[in-house]
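Chain IDs A, B, C and D follow the sequence of writing; residue 1 opens each chain.
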Amino acid sequence: MAMSAHATAHTSQAKAAELPRVPTPAIGPRANPYLDADSFEGEGDLMVLNMGPQHPSTHGVLRLKLWLDGEVVIKAVPYLGYLHRGVEKLLEKLSYVQSTPIVDKNDYVASMTNELALVMAFEKLEGCEVPRRARYLRTICAEMQRVASHLLWLGTFALDMGGALGGGTTAFMYCLRERERILDLFEELTGARFHYHMMQIGGVRHDLPVGWDVHMKQVAADIRARIPEYESMLSANPIFRSRTKGIGRIDARLAMELGLSGPNLRACGVDFDLRRSQPYAAYDEIEVHSALAYEGDVYARYQVRVAEMYESLRIATALVDGVPAGPIMGRKPIETVNAVKPPAGEAYVAIDSPRGELGCWVVSDGSPRPYRCKLRPPSYHALAALPYLLPGTTIPDVVVILGSLDPIMGEADR
Amino acid sequence: MSVIAPLLDALRTTIRNLGRKPITAMHPFEPRTRAPRYRQSFALLHEANGDEACIGCKKCEKICPSEVIVVGTAAKRESPATGKKRGWADDFTLDLQACIVCELCVQVCPVDAIVMVRVPNAPGFEREDLFLTMKRLYENEALPHAPAIGSSMIASHNPAPASQAQAAAPAQEPGT
Amino acid sequence: MIGQDVAQIAHERFGLESGELGPSVPRERLLEFASALCEAGYLYLVYISAMHHPATKNGEAEVPARYTVVYRVRDLARGLEFPFRCEVPLGTGVPSVASVWAGADWQEREAYDLVGPVFEGHPDLRRIMLPEDWEGHPLHRDYAINTPHHPWR
Amino acid sequence: MNVLFGSPALHALVLGVGIVSALLGVTSYFIWFERKFAGRMQSRIGPKHVGPYGLLQPIADAFKLLIKADITPDTADRALFNLAPLLAVCVALLSLAVLPLASGLVIADLDVGVLFFLAAGALTVVPTWMAGWGSNNKYALLGGMRAIAQSVAYGVPLVLAALVPVILSGSMKLSDIVAAQAGGHWFALWPPGPGLGAGVLFVLASLAEGNRIPFDIPEAESELVSGISTEYTGMKFGMFYLGEYVHSLVVAALFVTLFLGGYDGPGPDVLALQLLWFVLKVSLVSVLLLWVRWSYVRLRSDQLMTLCWKYLLPSGLLLVAASAVWVWWTEQGGSR
């Protein structure tokens, strides 16, 4: 299990990209997202229900316009933009140096990975090398962030189906209890609990404090011991299973066309993981097993995320032992606002954030500000699946399906 | 039984947690211990000889992504302590309401004048309460501040061989 | 990794040269090109985005303002990516590829909303981020960051 | 009829006022206990600041709800909207009338006591639907729809479950049912099978019929915002809240009466001891219900219907048949 870091740390040879196992899917039956709800033939009229933007279960400020026949959804149209802050326009105005802390606020439960994607795109544009120590730190941070993000997801997901006055809250509190310890770790490392500003073009901003590795391993071991407890409340529970099995099923072909990624894609049986197919940071030095499920339903997505927590803890624990000595920055320190001036060009870099493929496409014209910087948020693509998933389900399922896709509106709306 | 057993399992988990110690932190009634690097509010520092450290170079004002820092640069004049001619800031304001706590201003400060303090700014009833004037920034100097000051941060970022030893064995941080 | 098989298809069937940024597909043949990609196994749509280039003067010749719509697709089974782009002058529509990849629907809506190119044949081309009565497209290069707008309701 | 104070009317008045006010007091501290209990279960502390151990929290809460703005939506049906919370509490309290707390300590010991509380239980849907319809809110409407479906469905297994002790004791009078269990012959324990099964069925069905947690599908915060009580503010909301907890306690009390021997317990038959036993049993059952409530997620509304019609109803019929067979067999064999 935990051999990888030690075994491969000496060799340091980039591992050849693995080829993923991907089904070759045909187009199956799909709900029609462009259905004309007025032409619905049934008894009486359809009720139009606006779910959100102020609704406890829309994970932020998503608005779903639902056409209901009784409680059955006939048509669903998501409306975004309630959290649109014009981040892409803002990135055109800010310099490369300034933009890192800004994207922290996009996916506010997994800030580390936001910074990582952006910074890696800038580094590719600039052509700067990242030292090995910085790459290790980046990987550890990203994996711990994944655990924190999945814990929050698990908690809110239980809340979605259990309600605020029942077992859902209990699972939620347990998850937050453990997540808090990861935030404590990040506080020790970066000085902040949510918006870290840890990554920096060329490396990382903060080196490991004394004793951090011991603390981290302790936290990882504790969380690993606690995850079975959450599972005991959910995984085998017949109520939970009946709420999630066969609900919100998405086939691999549709998932690919919509650009679903990360756990949402791997729950459809598509074994694609950017950490293995395009290893970045230190993932080329450690073996990554991506969790896989085949049903494509809500329960499969739940299984994948829970399995990913174990795997991320393993990766982070294995790496923290083998952090090599060396500098944490690969370029000269950033001391002015216009310190980074990449040559004209374009770059696209994608990483596997807790929610899936988080990409950054950046165009430079040689000035210290990006000419165009597009972020590819996985949540936006996941939400695009809603018009296909929701028709035919009932309101309780709407909440569960939405929760299972794990959207973060700050990231989808940008 | 495959239905009953998991249901009992959930009950067992909850009753087991009933016996665990609560983790509630009674903030703000009991102070929380914060990590040394914890960053909350800001302070301006004096030099050892009693001079104000800020030279009014406006680097922090320029790099601030949310444009919350405004520095008023004064004319160069002699320092009362050393007698050397140097730059001064005659005004320095920082609007905490819009600050995103990115620490970039600390990183770029060439004279280690601005630092982040570990103690949060006390909540206020007016917008002015979150507006740090130069006077309040110097008053904050007494508060425990994060170990990262501009020069030490830049030194740790330097990929030159000299800093490698430091990176491998980080020094004990103050204020732990 | 760039998919060389499609680069070959682009070269042989469409006569396009693809560098690091991918080929620039003429808008008349964009849909045909997208279908060919889909048939070649590139089922995964990574993103569609666009950028706006204002009119510039290149010496004597004036380069008119134009949109660049960029696409990136991926073959998950082989881990291959393929970017391509389509350049159109302002005021000209771009054919929608929503019939090829279902996910292009929202991607094109976003590109239209923020940058401005109109996608022809899109099933439901509405604004997605901004309110429906918003004026202008914020990611236009000439859209100043402090452009006044109606107060948000 | 056993009368403690002069005339039956005076008896009912004194006891009624006494028991209802005692119950309201108990309910508010039951809420305090639940918050502490759930808090500790979730690694939290629970109420802490108002009074020692947060003991004054229920009073502070009630006071807060009283001084909150009372909003009635413009489009609401004012009469229904304002009446619903009041009715919710009243209906929840109704079943108390036939509940024997100790030997002779009962407001009205009706000969058809079981029938009375079944009727009162069936009424709980009325305020719920009034709130759902009167709020003129789509979420409230959906909640009301669910409430009706649920109430109608779960009324059937509830009747079947209540029939089991009636058959076993041969009376619909609650004091007779308790008397039949005297000396430890609790129906939950003896005869083995039908009694305990019917007890579980009774609790499930009566909680579901009253749309109470953990079957609060008409409220379903995560789906319907707050369901029927979405538009309610201040004390009107507080009354729904109160009604909910009163109902939970009454259900526990009825369960104890029908299946756990009511006030029966070891020791001499003095009033104080009987009351103690009764309170003890009700507390135990309530804590058990709380434990279950804070451990499980919620079923979907249609799955709840499936549970009722496909599983609870047949098992209810089976239990009734089994208890009938038991009674017939004991009478035949004269095994007593």
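The rule we apply is simple: contacts are C-beta pairs under 8 Å (C-beta built on N, C-alpha and C of every residue); 3 or more make two chains touch, one makes a residue touch a chain.
Given the structure is predicted, the values throughout are model-derived calculations rather than measurements.
Undergrad: What are the chains that chain A and chain D both touch?
TA: Chains that touch both chain A and chain D, as defined above, are B.
Undergrad: For this structure, which two chains share the highest number of contact pairs?
TA: A-B
Undergrad: Can you work out the whole-Å distance between the CA centroids of chain A and chain C?
TA: 25
Undergrad: Approximately how many whole Å separate the CA-defined centres of chain A and chain B?
TA: 28
Undergrad: CA centre of chain B versus CA centre of chain C: separation in Å?
TA: Taking the average C-alpha coordinate of chain B and of chain C, the gap between them is 43 Å.
Undergrad: Express in whole angstrom the distance between the two chain centres, defined as the mean CA positions of chain C and chain D.
TA: 62
Undergrad: At least two other chains touched by the same residue of chain A: list those residues.
TA: In chain A, the residues touching two or more other chains are 167, 170, 174, 177, 233, 237, 239.
Undergrad: Going by the touch rule set out above, which residues of chain D reach two or more other chains?
TA: In chain D, the residues touching two or more other chains are 41-44, 294-296.
Undergrad: Can you pull out the residues of chain C that are in contact with at least two other chains?
TA: Not one residue of chain C touches more than one other chain, so the list is empty.
Undergrad: Mind listing each pair of touching chains for me?
TA: Every touching chain pair, ordered by label, is A-B, A-C, A-D, B-D.
Undergrad: Under the stated contact criterion, what part of chain B meets chain D in this complex?
TA: Residue positions touching the partner: 7, 10-11, 13-15, 17-18, 20-24.
Undergrad: Considering the complex alone, what residue numbers of chain A touch chain C?
TA: 17, 19-20, 22, 24-25, 30, 33-34, 80-81, 84, 86, 88-90, 92-93, 253-254, 256-259, 270, 272, 277-278, 346, 348, 350, 357, 359, 361, 363, 371-372, 374, 376, 380-381, 383-384, 388, 413-414
Undergrad: Which stretch or stretches of chain B touch chain A in the complex?
TA: 2-3, 5-7, 9-10, 12-14, 16-17, 23, 34-39, 59, 62-65, 100-104, 107-108, 110, 116, 146, 148, 153-154, 156-160, 163-164, 167-168, 170, 172-173
Undergrad: Report the residues of chain A in contact with chain B in the complex, numbered from low to high.
TA: By the definition above, chain A touches chain B via 94, 97-102, 104-105, 131, 133, 167, 170, 174, 177, 180, 184, 187-192, 195, 197, 200, 202-203, 205-210, 229, 232-233, 235-239, 325-337.
Undergrad: If you look only at chain C, which of its residues touch chain A in the complex?
TA: Within the complex, chain C contacts chain A at residues 1, 20-21, 43-47, 49, 51, 70, 72, 76-79, 83, 101-103, 105-107, 110, 114, 123-124, 127-131, 138-139, 143, 145.
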